[in-house]
Structures are given as C-alpha cells and as structure tokens.
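Below is the structure I would like to discuss, written out as structure tokens.
Naming follows writing order (A, B, C and D), and every chain is counted from residue 1.
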Amino acid sequence: DTKTNSNAGGTKEEKSELEDKIVVYSPHGKDILSKFETQFEEKYSIDVEWLDMGSQEILDRVRSEKTNPQADVWWGAPSTNFNQAKDDGLLAAYQPTYSDSLDEGFHDPEWYWTGTSQTPEVIMYNSKELSKGEVPKDWDELLDPKWKDEIIIRYPLASGTMRTIFSSMIYRTYKDTNDPQEGYDWLTKLDQNTKEYSANPEMMYNKVAKGEGSLSVWAMPDVVMLKENKNYPFEFVIPESGTPVLTEGIAIVEGAKHPKAAEAFYEFVNSPEAAKILAEEFYRIPTRSDVTDLPEWITETDIKTMDIDWDVFQEKGDEWMKYWDENIKSGDKEIKE
Amino acid sequence: MASIKIENVQKAFGKTIAIDHLNLEIKDGEFFTFLGPSGCGKTTTLRMIAGFYYPTKGVVRFGDKDMTRVPPEKRNTGMVFQNYALFPHMTVFENVAFGLRVRKVSSSDLKGKVLDALRKVRLENYSDRQVSQLSGGQQQRVALARALVIEPEILLLDEPLSNLDAKLRDEMRAEILRLQRDYKITTIYVTHDQAEALSMSDRIAVFNFGVCHQVGTPAEIYNQPANDFVASFIGEINLLSVQVKSVQQENIVVTLENGEEPVKLIVHNHTNEGELIQQNEKNLAVSIRPEAIRILDTVEKGTNILKGKIESVQFFGSVVNVMVDVHNVLLRVDVLNTHEFGYFYQGKEVYVQLPEKQLRLIPVISGDAP
Amino acid sequence: MIKNRDTRLTIWLLIPVVLVLVAYVLYPSLRTFFESLQKDGSISFGNYQDFFVQESKTNLEALWNSVYISILSVLASALIGIPLAIIFNRYDFPGRSFFSTAAILPIVLPSLVGVMAFMFLYGESGLIPNAIKDLFGLDKVPFKIGGVSGILIVHAYTMYVYFYMTVSAAINKIDPSLEEAAYNLGANKFKVFWKVTFPLLTPAIVAASLLVFMISMASFSAPFLLAGGYRVLSLQIYFSKINGDMEIAATQSVILSIVSISFLLFMRWYQNRKDYRMASKGIGAHRSEVKNPLMKWVMVVTGIIGVLILLLPHFTILLLSLVPDGTWTFQTYPTVFNVENYRLLFEDPNIFKPLRNSLLMAVIATLANLVFGVIASYVLVKRKFIGKSFIDILVMIPWALPATVIGMNLIFAFNEPSVFSFGQILVGTFWILPLAYFVRHIPLVVRSTNAVLEQLDDSIEEAARNLGAKWFYTFRKVILPIIMPGVLSGTLLAFIESVGEFPTSVLLYTISNRPISIEIMNQLRMFNMGQAAAYGMIQITLIVIVLFISNKFFGIKAEKAL
Amino acid sequence: MASIKIENVQKAFGKTIAIDHLNLEIKDGEFFTFLGPSGCGKTTTLRMIAGFYYPTKGVVRFGDKDMTRVPPEKRNTGMVFQNYALFPHMTVFENVAFGLRVRKVSSSDLKGKVLDALRKVRLENYSDRQVSQLSGGQQQRVALARALVIEPEILLLDEPLSNLDAKLRDEMRAEILRLQRDYKITTIYVTHDQAEALSMSDRIAVFNFGVCHQVGTPAEIYNQPANDFVASFIGEINLLSVQVKSVQQENIVVTLENGEEPVKLIVHNHTNEGELIQQNEKNLAVSIRPEAIRILDTVEKGTNILKGKIESVQFFGSVVNVMVDVHNVLLRVDVLNTHEFGYFYQGKEVYVQLPEKQLRLIPVISGDAP
C-alpha cells in the first residue's frame, strides 16, 4: 500500500544496491519501532535492527561509538540534540526527496537532520482530581501558592522535554534582557510548589494518576497517548501565552556502515503514509505540510508556538540547567517527602 | 568449697543413654578423677555438674543444695575446657578478668586478683599478650588462672592435657596438682590417660559405656580392680581364665585353662575372693600385673613357679618388657632396666614365679574374655 | 634445579593472572585516571580542583550523600542480617531449614523490577500503606517510602543477605565452648552475647560491611528510580557521561574509587588489628534447643513473618505481571487479572533473545571467572612470589570500584584498539559485556576459592607428588576435585549476579547482546509495567531453576559462597 | 630398598639454620628413628629426603646416587604424613591406587596390588568407603597402604601416631613394625616420643636445635647417653654435678657438689669416661637412671650406699616413683609396684645404693647444668 511513494526509492534497480541490514537508534519505543520494522522489512527485505533508549543516551552512545559507529540512523530526538551531534561531527548530511514540504524550522540548514514530528509542551493534569475549569491556563498560573505540593515534575537533567520547558521559561525574559535571572526566579517559585522530582516518566505518570500530585508539565503527544491507549485519567492545557514546540527529527550517523539502506529508511519513516500512521496511532504531529486527513485532536487544537532561537538554547541550555540543578532545586525536596 | 553428690543420675541423648544410674559422692577438697575410654560419658557427667546438660533423671547436689536445674552461670564452678576455650579477642589479663568483671568486682580489687592469679600460674609477665601468642602450655595456665580467679567452689578439668606433648604434660600435671593443693579446692579431673589418673588423684571413678565400674584410690583401683575391664584399662595386666578347684581359709586353688594338662595355681584369699565364689560367678579370671611376676634363672623353692620360654623382649627405657610363653599362655613380665643389655633374649628358657598375694580372682564382664 | 622448576611453574601460572589483571583491571582504571587529568586539552588536576572548590558544592554533596547512604545501608543491613543469622543458626525449631534458605531469596530479585516492586508495595500509593489506611479508616496513608528512606529500605532488603551469609558462616565456626566458658564464669546470656559471641563475629561483620558499603556506593538502580533529584555519586557519573562531560565523569569515578578503596584498606587494617582466630580444633556447633515453648513459637512466628516480608516483593512482581497495562492507573487496587502480559511477551518473536543473551554472556563470563579464579587463587594461596600483596589488591579492586566506574573504565580503555583487545575495538561489540561481568566478579570467585584453598592442607599436594604425580596431574586429579564444591558456590553467585546485571549493562550493551535487565528497563521506559514485571518473573524463575538444579543435583549452595 | 647417606647437609630458612652439618647413614632395611623435641629439625631432615626441601649445602644420596636435587615425584619414597593427607574426594581404594595410576599400572594388576596392600593393613573390607568415614587409626592404615603399594625404596613416617590416643597408638605401633618387617623396607620414623623411639627402632638419631647429638641403638642411647641433653631427653634421669678426684684402672672417684661436706662416689670406669677426663672436660656430671637406684631399709655392705629420707611418693601403676633426699640432693628412684601399698611413705628414712656400674660420667652441654 506504500507503492505510490515514488520518492522512497523502492524500485527494483535501486534495491539491489542497498545493504541487507540497517541499525536504528531510537527512543520511540517498541511499539512504533516494531511496526515500522515489519513494514520496512516487507518492502525492502532489509533486516532492521533497533535499539531503543532515551534520546540523551543515544547522543552519548553515538558519541562513544564515534570511532566505530554501530548505528546507521538516529530516529527521534529534539533538534537540539541533533545540533549538538552535528557540532561534534557525528552526523552525515542528507537532503531527503521530500525537502520541499518541510518548513524552514523543520530541518537543519545544511540538512544534517530533518524534522519528523513536532511536540508541543503542555500543562497536564489528573482529570479525576481537577476539573477543566480549575486548572492553570498558563505557565505563570502554576506559581499560584494554591498548587503547593500538587506539582510533580520529571527530574529535568536527563529529560529533553523538561530541559526544553525549563529553558523556555528562562528564555522568555532572557531574549530581551540577556540575563537569565528573572527566569531563575520563576523556576525558584515553581520549585517551591513542586512536590517531587520523579526519576523517570513512569514514576511521574504513576504519581499523577494516583493523585499524589495532580499537575505536571509534559509533551502533548505522550499525554494523549496515555489517555487514549493506556486509560490514564489525563488531560492537558496548552498555555495561552504560547508554548515551546520541539521538533523531533531523524539523521544519518556519520560513518554509517549501511548508508544506502539508511537513506531508504530515512525516506520511509517520513513518507506521508508513515506520518499519518504516526499521527493516528502514536499521536505524533507531522512536520510535513503535505499530510492530509489528520485526526481531530491535531486539527482541532490551536497551538500558539513560542518563538525560540534554538541556537541560544543549545548554547546556554547546559549552563542554565546546571545552574538550576546546583542552585535552585531545593536539596531537601526528596528528603522532605 | 563443697562436696558433690550425684544421685541416681541418668542422661539420655535421644535414644542413646550416655550415663546410666550414676551414684557418686565427691568430698570437699578432694582431687577426683573420671577415667575411661573415649565416649564412655566422662564429659557428659562433667557437663551435668557444670550445668551445661540437665540430667534426664536424678539429682545433682553441691553440699546439700539441689543444683540439678540451676543454670551454669549460677553454679560457681570453674571449668577448664579441653581446648582451653580462651577468648581469642582478649588479652591474657582480660581473659582472666572476665569472670571478675561479670561479678562487678571493683577495678582496684580486680587488678590485684588477676595479677595474683597470673602469678600463681607463673604468667605475671604475659598479662598483655594476645592469647594466640602463647604456647599450648601457657594457654592452659591462662585457662586455669581464669577458672581459679573467681574462687569457685568446684574446679572442673576436662582432659586439659590431652593436646600437649609428653614433656609439657608432666610439667602441667605438677602445676595443676600444686595449685589444687594451694587452693584446697574440690576438683574433678577428666582423663583417659591412666598414668595421669593414678599419679594425681585422691580417688578415681572408672567409667565404661555410661556405667561407673569402680570408685577408689589409685592403689585400690590398680591393685584390686573390680573386674577385668578395670584391670585391663588401668595399665597392663595378665588375665588367665581359670576354674576354681578348692577354697581354703588362706588360699584358693585354681587350675589354668590352657588346653593342655591343667596347671595348678595357688591364689591368696583376699577378702572379696570368697564372696565371688559364693555368688557363683561363672566367669572368673586370675589377674597379675606384669611387674609382679618374677623371672628366675633357675627353679627355686616356692609356690606358683612355672617353666617358660622368652618369646620377645622389648625395651621401653626404664622398663624392659619380656613376653614369656608358659604352658602356651603368653605372660607379659616387666622388669626394670637394671640388668646388662642382652641378659634377656628371645628363646631363653626361664622360670617365672607368680607370687600368690599378687594373684587376684576377678569377675570377667566383657564378652571377649581372655 | 627443582627449585628452578617450581619457580618456573609459579611464573608460568602468574603470567596469565597478571596479564588479565593488568589488561582488564589496572589498565582501564589508569585510562580513567588519565582521562580525569585532561582539562581543556592539557593535563592537570584542574578537574579535581573543580570537584572540590565548585561553588555550588553539588559534587561534594553527591559524594557526601553516597557515603552517608552507604553507611546507613551498612547499618540497616547489619540490623536485619545479623539477628536473622543468629536466630536461624543458633536455635532449632520447626521449619528452620526452610526459613534459613528463604532468607537468601532477595538475591534472585532483579534490581530494577525489585525497586519498582517496592514502589508499588510501600510507596505513597502502594498496596501496603493503602491497605492499612483502608483497613483502619485512616485519612492518610500511615507511612510511605521514597527518596532516601526508599533507597535505604531497598538497600537493606537486598544487601542484608551479605551479612546473613557471612555471619551464618562465622557463627557456625565459633567454638561453642567459648560461650560455655563465659557462662561458667558467671556471665548471663546478655553478657555472653555482647562480650564473647559478638566480638568473635567481627571478621565476618567487617567483611560484610565492606561488601555492603561498596555495593551501596556503587548502587545505581535504587537511587536512579527512587531518589528523584537526590544526588549520589554513581548517578552523577552517569549524568556527566550522558551530558558528554567525559572528563568530569572520569574525575567523579576516580574519587568514588578512592573512597571505596580507602574503606577497603581501612577495614583490612581494622580486622588485622586483633586476633580472632580460634585455637581449637573443629568442633561443630550445636544448636541450643529452644526449651521454652513460648520462645519457640515467638521464633517460628518471627520466622514466618520475616519470610513473608522477604517474599512480598516477589509476589508484587507476580501480581504486576498479571495486571494488564492500563487497568491499574488511578485505582488503588488492581481489579483485572489475566495473562495478557505474558501473551504479549511470548507473541514477540524476539522475546527469547535477551534471555538467551543474558544466559550466554553470564555463562561465558562465569566460565572465565572460574578458570581465572582458580588459577589466581592457587597462585595467591599456595605459591610464594614477590609482589603478592599487589596482586592481591588488584584482585580486590573490582569490588572497590562501583559498577558504573567499571563500565566507564572499560569504555575509556576499549573504545580504541589496544593490545589488550588484540587490536580490536571492544566497545560496541558483543564481547564487551561478558568482559564487564567477568571483571566485576573476579573478587567474588577468587575470594570464595581462596577460602577453600586455604583450608586445603599443603601436605595433600605433597602426598600426591610423593606418590610420583607431576604437578599438573596433581592439580587436575587432586586439588581441583577437592576445592570444586567451594569454588562452584562462589561461581554460582557470580552467575546469578551476571544474569541480572544492570549498571554496567546499561553503559555497554549493544544490539547484539542486549540482556534481560535492559529489556526490562526499556519496557519500563515505555511504561509497560506489566510486561516489565512479566519479564522480571521470567528472570526470577530462571535464577530459581538454576539455584534449584545446582543445589539438588550438584549440592552447590550459593548461600555458602561468602 | 636403599641405604641413605646424608653428607654434611645444612638447611637454612632465611637466617634460621634448621639443620647444621648433618651426617647420617641409614642402612638398607633399617628402621631408623629421628627423635628430638619440637622444632629441632626432624621434619626438615625428613623433607629433604623426600625432596620437598633442598639442602642449602651438602649431599643426599640413596645408595650411591646423588639425589640432592631430584624432584619428589622421581624419588620413589613413600611418605606417611602426620595428618595422613588422604585425598578426601576419593575412596579408600582410589587413595591407595593413586600412586599406581600415576605409574600407569595396568588396571588388572592395579586392582590386585591395591587389594593386597589393603589386606596387609587389614582393611580389605573397607575399600569402597570414603576416607571421611574411617576412624583415625583406619585412616592411618590407609595412608600406610598408599605409601607401601608403590613399593617405595624408602618409607618416611612423620609422627604418624601423634594424633592418636594411647590405646590406638600401641596398636598402630605394632602394625607399623609388622609391616616394616614384612616389606623389609628402609624406614625413617620421626617422633618426639622417646618410649616410641626406644621400643621400635633399630637405631635412633637424637636431635636438638638442628644438631644431631647421638646416633645409636636404643640401648646405647638409653644406657650410654652421649651427654646430658640425650640423657635427660630419653627418659627420666638423675644428674649429679661432681668433681673428679682420682682415676684408677677400674674406678673413678668423684665428689658430689652439694654445698655440704663432700660425698664420695665411686664410678665404674667405662671406656669413654677416661677419654672425657683426658679431654679435660670441665662440666661433668654423674648420671644414674631412677630404676637403677636401689632402696634399702637398712645399711648394707657395699659401695655408694647413702642415707636419705623419702620426700614424696607417686604412684604410676606399675611403677612407684619415690623421691629421696640424699645429702640435700633430690634423687628420683623408680621401683616396681611389688611392695604392699604404704611400704614407702613420706618422711621414711631409707638407704639408697647407686650401683657403680650404673653410674656414668657424662659431659654437660646445656646451659642450665644440674
């Protein structure tokens, strides 16, 4: 059913040049990966091997394997991660056939990566504990003392999502003042309302679901997925003032052992059909402008994108997070509980 | 100090009966020895006195007090274990002080007492040593000091010398005796070494298979053994199966059962021989110690002189052991090493005399009678 | 000439031992140390300076937290392990042997799932606190674990086994006459215990403390899952590495190693200060029969309750594995039970691959441990040579190094070709994980082998040679068969730990060798709690089967390994 | 079978010299004993013969072959270790078969030989037992069988009986002797028990501090000790410090140094006494064995009769040990237990006779001279 895709290079002649195996590193998890593995293998009879782990871990791993790359494709990570990898010379440039259908912000200027989906960050809440009317409508409302000990946050240092949210909060004022202090103050107040920093997302979900806390901030597709697929009592609010929208992308690893097959996979997973499957089954909002018939939750939702210079994020992000970690996060948080 | 009374005591472990109907009285200040082969119940009895085992039946008294179920820490006995059981993590001083500390003796008194005890066992210069740095003999003396310093009423010693070599044993034996006499303490000594038992004890109890066979002074035990087990366990002995022919006022006439033509022996009628015969004891033997037999070069006048031939000669230092074949019975004869070397030799024809006073008629209780 | 011959033999045996130790223990550690000296392209102690003078003191805080948690873990484990060992080895009561075996069950609990099980059991929304709350109609849950208390409880639960095992062994070796002597001198039960029994257990307690301290210093899963933002050094290393700050990670590793090694040396010194060797010959312990019936029932009940508590996490995992995903989210108690998770797992054609990988790698690593352990231990115990204590320390180092550091060391050493990897890059290949497992378990196997070899009288070997046997024949036919049972119990423990190994796996696994623990972690990451638990159950079953078979058919007891 | 020659051997461990300038010749088929106190170098010498140590200096020969540096597995000696060193993982049969398997004996031969050896040590019914199921004495016999089955030229026994109790020791001693005579094998036996050495050996070497003091037959060693160390190590002895007054053809006249007016003693002039005096030995003592002294009730005619008083009496079973104070010197006298009990008592005045032939003049080498 994907035969209509003429760009993917699925013709017989090309196929003969492809390597017989491809290695994918991806944080997308078993469900997505197995699905695309089967489909891709059906189409090309190329053996797909994948390793799923956190995006930050992928960066680390690709870095340690620099002298002896194991992966061909890196699928899924915020663009900031890709930019870092690009700077470290870990990626190979590739301009896909669908390059025309990508907006400016959805690809690297030199085509070291391209975006596959966009991830808006949202305020998420437990719909059993809170009604739609009560919940904060914007970031600043989270600081209201009435939410004290109601907020559970995923420990941000190891999480791309949380880093993005926290960095955006600083960036909102930083872009005018060139001073992160105001943002730090904001985060300090958030810290005062925060009940706990969870070591990993599952823990955070579990705690919010069971009502240990009722609010969190997280990525929209995940919230939808939990609600729809896993029966979690979750709902979300898109902050009125605007929210950072992460671009998740794909890239080919520099020195990949199976470059041709990698390109085939690269094309394959961002074909309109694939994008549609991802949107419908896995709640990912496509980057391509030429995907039609998207589900309602995408078309109905009005997202106000925060205007962000991702280069500043990349440049300052580590420093800000380090500052937060060392100076803002109250040390007794975990002991207190 | 105290006397100990063991009344009708039985001790069973599951189905094995380790001690059966034991009655003993140990007098105040006495040096009393339990003697017997391995597994005969010596340790069990000692541990009942110390309180580590409770008798299955019967009563243990110290003086008149019933102690049967008093826990060990309340008995005020001092025990020296076979392996000394010194506390390896303490110094010599601390080991000896342990019992005093438990008794909350004030620290000034304590020091004096401990050093005094160490002086008594001649270890005053070793008080700061770790016990592992002591030789076996020194360790044993620490164990003794530790037991004595609490001034126990009763001192219990479980084969304290069995790990030592011969020289050290001799020394320690003297040491223990000296200390016991000094402290005048009621002492029970467990051993399976008969020489040790004979040389040290006031009285001895001889055990076998949980039964006490004889209680008496060393000389009584040695010279008037109650039966063939006691006789052969205590030193070497010649046991001759005999049949009683006639009983007279002074003497008893018996014949040797040796398959040949019967040989007549005259046995002095000690007090208990008559009783034995009256009790119609079937299994009787005549016993004589190897050192009591005289070897003669020529036939002399006298009773019980028999002709024989030397089978083998073994040299043991002070004693020479001569085996003499007399009418197909092998007699062991011990003579002092006062003759010239080569005086006795294999094949030499000699006469042996079995003095009638040294011959004793005793009951045979063991299955493999001689 | 024979003298030379013997020396030559020693040298021949020593060469492989030294090579392995240098290549896979010393060299990687030095590589890490070298890495830590690099700052901004030049070599200096700058990173160490940063570590200590850093304004926010986060590193110092992490260091302090690690030490603090480790010390508390030692205390907590000791408080559980020592009394249990004493009860089960000193008193005879019905079911004693069952309880004493059940007491080692925490070692079959996979670390990751184990921690999750604790959360589900004792967390704020956990089963036990909520059950109590509902039972007594409380407003709030009466207690919950999390953060430091959570880490401590998990540590105490998983690590008391080390105290239990070493103290059990030691208590059986105490000559009962020592205690009797104390009673005889008038001491009561309490005095006898504190003045005699307890001091004599010192070597065992020291050894166990050492082990627990080092394992908690290195502990990864518990703080990783439980501690939120609580900083401990082993996590800092992981995060530094994830952040790409390799030099910082190396510096932190070196400092963590230094703390652990200092503790090791301190404990060795402490233990050698006094003499605990009992002079007596081997008289077996006799258990006092509990005479008082009340006492007996108290013991039995304590035993049963203890074992139930010990088994609760296992049951929780079983429970979780039976609850389909998405049916236990906001509900206090699960309501739906079926085998859906198992069905999902077994539908995946690749389900057995991680199992196979784990088993295969554990077998490879453990075999290597066995061969290396026997040779190294033989050389250390039975041969004389210069530099023995150096080799001895090298052997112990993998114990002093946290698993994360071992992983780091191997990465630094083998992500470029070196002579020790025969010119290959090992990182990213199948072999790196078996190597890591091997390195981690060197001390375990060597130590348990040392114990049996030390008991083996030299005259046995001499007797064989006197009868005309050459050394190798003697070794094969006499020494090896005698020490094998002891050696195998250490090896079995190493095998079990390899099967469930997580901290080095997470740093080093690749596609070709992904082990069970990583598979479980990935299931967790995709919030498939149920399938993760099902996987955990499979792992537990596997280990229990191995334990059972080796015990039943070969008489090897893992609990005797220490 | 072979003779063993130890020529000028020295063995040093670091700085301690365990064996110094040892020369020994052990004859073919001889039962030779190394006797001496703990730490004197007996085991070291034995291990040099077995090949477990190499001498620092000197040569070890079997027959005429230099074996000094031959490895143990090529020496064809059979060793019985003090702790037996049985292979715990093998059955009795396999233990005994081990040496034969190493020698690749065909399995039919092997079985016969092993069973034969087991029969010799009377364990034919135990061949399938695990060694841990045997008693101490049985284990020792397995160790013996294992050493004998390879038909070694030399049998080495390192204190094989020191772990056994007295009764078992006696049995095993007889067993070893019987086997040694059967196999006619050159045997070296290490012990520190003098009674054992005297009763078993053809010849004995007495060691102290790495030096061999005397080699000789048991009687020579006992009756003609080379010096005071040998004299007092082997059995009990009375050593009296004396000064030589005059030397005659037959006799030597000495005076006792006891602080009082000098007491004259007449000593028979044995061969070596004269030499000693000629060599101008300063430290001389007169020795006499306790059993050689006679106790008399009244003064009799004869030489060396002295008046004394009984200090103490100790009963050892066959022997009674009487300490007699003679002119302030305490003499130990052993008499056989043939008198009635109570014949000797403390304080009794007696006469003692020191027969002149039994008195010997010997050099004193130890620091603490008597």
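To be clear about the criterion, contacts are C-beta pairs under 8 Å (C-beta built on N, C-alpha and C of every residue); 3 or more make two chains touch, one makes a residue touch a chain.
Because the structure is predicted, anything quoted here is derived from the model rather than measured.
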item	value
Chain whose average C-alpha position is farthest from chain B's own	A
Separation of chain C from chain D, taking each centre as the mean of its C-alpha atoms, in whole Å	56
For chain A paired with chain D, centre-to-centre distance based on mean C-alpha positions, whole Å	92
Gap in Å, rounded to a whole number, between the CA centres of chain C and chain A	37
Touch relationships between chains, expressed as pairs	A-C, B-C, B-D, C-D
Residue numbers on chain A that touch chain C, as the complex places them	23, 29-31, 34, 49-54, 56-57, 59-60, 63-65, 67-68, 70, 84, 88, 126, 128, 155, 157-158, 196-203, 205-207, 209-212, 226, 229-233, 318, 325-327, 329, 331, 333-335, 337
Touching residues (chain side chain D, partner chain B) in the complex	37-38, 165-167, 192-195, 198-199, 218-219, 222-223, 234-236, 289-292, 314-319, 321, 334-338, 341, 355, 358
Contact footprint of chain B on chain C as seen in their complex	175, 177-178, 180-188, 191, 195-196, 199-200, 202, 274-281, 283
Complex interface listing, chain D residues touching chain C	50-52, 54, 69-79, 81-83, 85-89, 98-99, 102-103, 146-147, 150
Chain C residues touching chain D - in the complex, by the definition given at the top	1-3, 5, 457, 459-460, 462-470, 473, 477-478, 481-482
